[in-house]
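After this come two complexes, each holding subunit A, first together with subunit B and then together with subunit C.
Up next, the complex of A and B:
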């Protein structure tokens, strides 16, 4: 059994990261956290997390960047907003989780072949191309990239869904794709200018 | 005649087809006209926010801008759409940096948005605009004796309680009671179904699905009534798998609009009930119209 240090030292903090966390949308009041734990208690996913939301928020605002961005916690969050509603200090925990997901993807530090970031990016790419999501193709693409074996196990359910008319294979699309792309590109460009 | 703009969202054109079918039937029976928002795009759901925050607001923003031109309330039946559109609208008002960036985007794309679009949920419209008396008056076949677990899921009353209570919403309870059903006390009514976790982390998703179904059974519900296409999909399509892993749970999961529709006299087929993976036939057959 490997022996591991169980507490963190202050020198391991990244103050810049701590500042970034306090500046994200929804994180404005993160320094007001009193560690009451209502976020963790109300979170339906916390039993599966490596750090509960309460711990994660504390670690994030102190700047323990590597542990926070490498945690499973942020990918387990389903954005059900229980924590956000419960928080007596009005910290928008769900928004902070979103910001941490984006940062982990940007920094490329999420677990490889982990299906959740793959789902997010396939979803994003499909919307950029078509303006709408065709669920059948989205599911197919995610499984092809992450777990081809599991796709075979789902063929029975897949065919049931297909025959009940719930898995249309005709890709959905909007008409004015150019307008949508212009909008997204313009926001993107100005974001870089503003930064 | 009441008129609304209708924003179906991607799921109601895919796995949630039956939600659209039953919703349109119910609104038609109540003489409510729905005009589909022309060229609507995906709201971005929960996933886009994890990729690009500002573009997530822009995606929702295009729909808000298209709807504003029409000067009608925007009906968004899917929970994710309802939340995302509401949230975008609020954050555009609250955060000047969001508003400023979107303004650049809107201008480039030839759109305008001043912030007046009202995003509404079918529960809100049915309770507050149409009213329970009107709904009671349309009942042809009361759902007498049917025990229903009303399942709201997340995002409808969280984080914004716009038309119902955050901790214990009751609007669906009232509607279903108005058409004769018996509502069981279901304390998990706003607990998360796991969203897309069933696809990405199966054992986690299955456990959340199982907890919800098991509790519905323990409370004596014959059927679970949902308002969200993803909740319905999870609880219906993976029920068999959840049962095999954690103990049997056999409970049809339907949309609240399908139950209202049955009471209004529509057939199972018209309401898309035949699209269920776990058949609701056994429980609901006595409320179906008798074939002539």
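Up next, the complex of A and C:
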């Protein structure tokens, strides 16, 4: 354990980020949050989170960008939507989590050796390239980027899956990859326009 | 038993009060015991004696069994003595041939041992039966009520009460100590949550007061003496000189312009010292009455006697300026009094951590109200004391509220007025606004919605009490700013927020002289100094003094709608008194046995109600039944035992004591 200095200066606040959060799809109502904590209480993963969803929402709308995007919270969200369903102020908390995840990947500020964001970005990259996901290669890439040693521990399970035909090594792909890429490009452009 | 009363026929009624009494007291055993006592003709127990069938039981028994004394053992006389007296009267018996025993508050509610609680109930009932035998038929006295009403305080509560009564045809004296009516509300810019302009909704009511034929308005006046009792108060009012004759002045205000002071140099009270005025001035453009006032403290003529008196010159033939005016005493008679003396705000200097009075850019909320008001010292522009316009503003809630070091209570209005100021300041300046709050209390119609509106406007809500406001910078961004340090408890981080302007949302406190007013009118105050209502829920505008009512924030912190609501309620209560036309006085008054009084005058100075006079011709004391409140002081003090008190005669009390102790 170490003694840490914990204080927030106003310069750490990024008002633009706060504005961005309130502008993303699903984030329109973050300012309406009354900090009741129902999201945190209903969240099955909140016991593991560094900032509970309630705290994260308040930090996001205040503009503490570094803490928000660097937090484990957004990656632990399993999108069960119980917070969104129960929120008394109708804030789409799960959608905000997604927006924050995307932003963290875009800005490259997610926790680097934490498997969930790596999995998410590798998954996206593989879809963009091939149109399909080959699980063996995806898992391999994720473990290479996070914890190679743990890969050895998984070898028994891996070979079992391989020999029972549950997991192949041949990279899968769709026929017309160009079409998919055009599609994805269109979505990206639209997103930028919307932003 | 007592021979005076001839053949005694007593009826005893023991109430279950549902299970309130019956669960702890064996009511059947009590009734059976009472039945065997001498003089008791009938003894019953019943589920709810106060119900219609319960009362009917008493009435029927009186008629059929020819009862002449009634005892009811139930709850507190405060609740149902009048009910049962009524039932007794319906049976054709004098209502004072009745005694009530409290076996609920005095017994079942405070004991757990059933057997011993029953024994206590039996002892109390036995005492009442022995006492009631000595009761004499008595009559209530009726005293007529003076139809006029005095209202003290010309804020929104006093104004509303005055207009309500005046519209109902009652004559009202409205006494205000400031030069204008309007009170605190007249100083506000806008009102939450609707953002109505305060002056726009208040000034028509102020003008209506001035114009109303049924309202006598006395500004610059204070009540100095209160005599009398409900229905018949005698009030002395001191009217301080305005130095302008109100009957002659037409409100042209030319005298102000003519003052030898070409520049306004005196700190303006109405603008809380943020602006300046001349020695002859009018509080604000819509002041009522629309008549200037001269401040003798600063007027050159009062100070040196050598002024050119240009004001008098300007007034010309009207001769309204009268520098020789003297204080005037008025004596009025009224039947009811409404106190609507309001509040003052907490002195922010008592919390030195926030730097009020040290840092010029720390303001109190009332000051900000004037600062953003179009008729305020800056014409509504938010210009700081150092001439800058703020780009960031911090508002600290609960200053002088919810704090054991200052005041324990929540001032109820600060959350909402802080939000209102946050909205107005953001609107006027475009500044970043930070609200530091402990809890957000927005309980009122459309209040929560107003809070949400503010959240949507992007006002920063930081949940945490500010520890200090300082100009000590630790980062370059904090240089030249006021830094507010607080824990943002919502994210569990201590934050330092540099701002240009700090607003202290000061709480509401009783007037410094509320204690003097309380003594003057003989009413009670809570320990905090707010006027005490007779019952916090069921008699919120009544006081413990009959005929005196309270309205508005003198009772407790409250917002405009609540103050107006209470003012209407107080007006209605006063009207009930007046329209009834008379008050019935309890016959528990003292009387003098004339043949025994030695005329020693011991009792006369002791009477707190000045009800005893000395009859010089007979050389004996005389008690005015109307003034006597039945306190019993004279009875106890009389050296010859020649003063007695109805319902509390020595024999009655001794018999009651004997009854309680009979089986002990």
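FYI, the second predicted complex is superposed on the first by the 173 of 195 C-alpha atoms of A that agree within 3 Å, B and C clash if a C-alpha of one lies under 4 Å from a C-alpha of the other, contacts with A are read in each partner's own complex, and residues count from 1 in each chain.
The working rule: a residue touches a chain if its C-beta (ideal position, glycine included) is under 8 Å from a C-beta of that chain, and two chains touch if they have at least 3 such contacts.
Small disclaimer: the values here were computed from a predicted structure and weren't measured.
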Partner chain(s) touched by A:90 [first = subunit B, second = subunit C, both, neither]: neither
More subunit A residues in contact [subunit B versus subunit C]: B
Which superposed partner A:66 touches (first subunit B, second subunit C, both, neither): neither
Subunit B versus subunit C as contact partner of A:136, first or second or both or neither: first
Set intersection of subunit A contacts, subunit C complex versus subunit B complex: none
Residue ranges of subunit A touching subunit B (in the complex, touch as defined): 25, 44-45, 48, 75-76, 78-82, 84-85, 92, 94, 98-99, 101-102, 105, 115-117, 119-121, 123-124, 127, 131-136, 139, 142, 150, 157, 160-161, 164-168, 172, 174-176, 179-180, 182-191, 194
Of all residues in subunit B, those that touch subunit A in their complex: 10-11, 13-18, 39-42, 44-55, 58-59, 61-62, 91, 95, 97-98, 100-102, 104-111, 154-155, 158-159, 166, 191-192, 194-197, 199-202, 204, 208, 237-238, 274-277
Of subunit A, residues touching subunit C in the complex: 6-11, 15, 22, 31-35, 51, 54-55, 58-59, 62, 64
In the complex, subunit C residues that touch subunit A: 432, 440, 452, 455-458, 460, 463, 474-475, 477-478, 488, 490-498
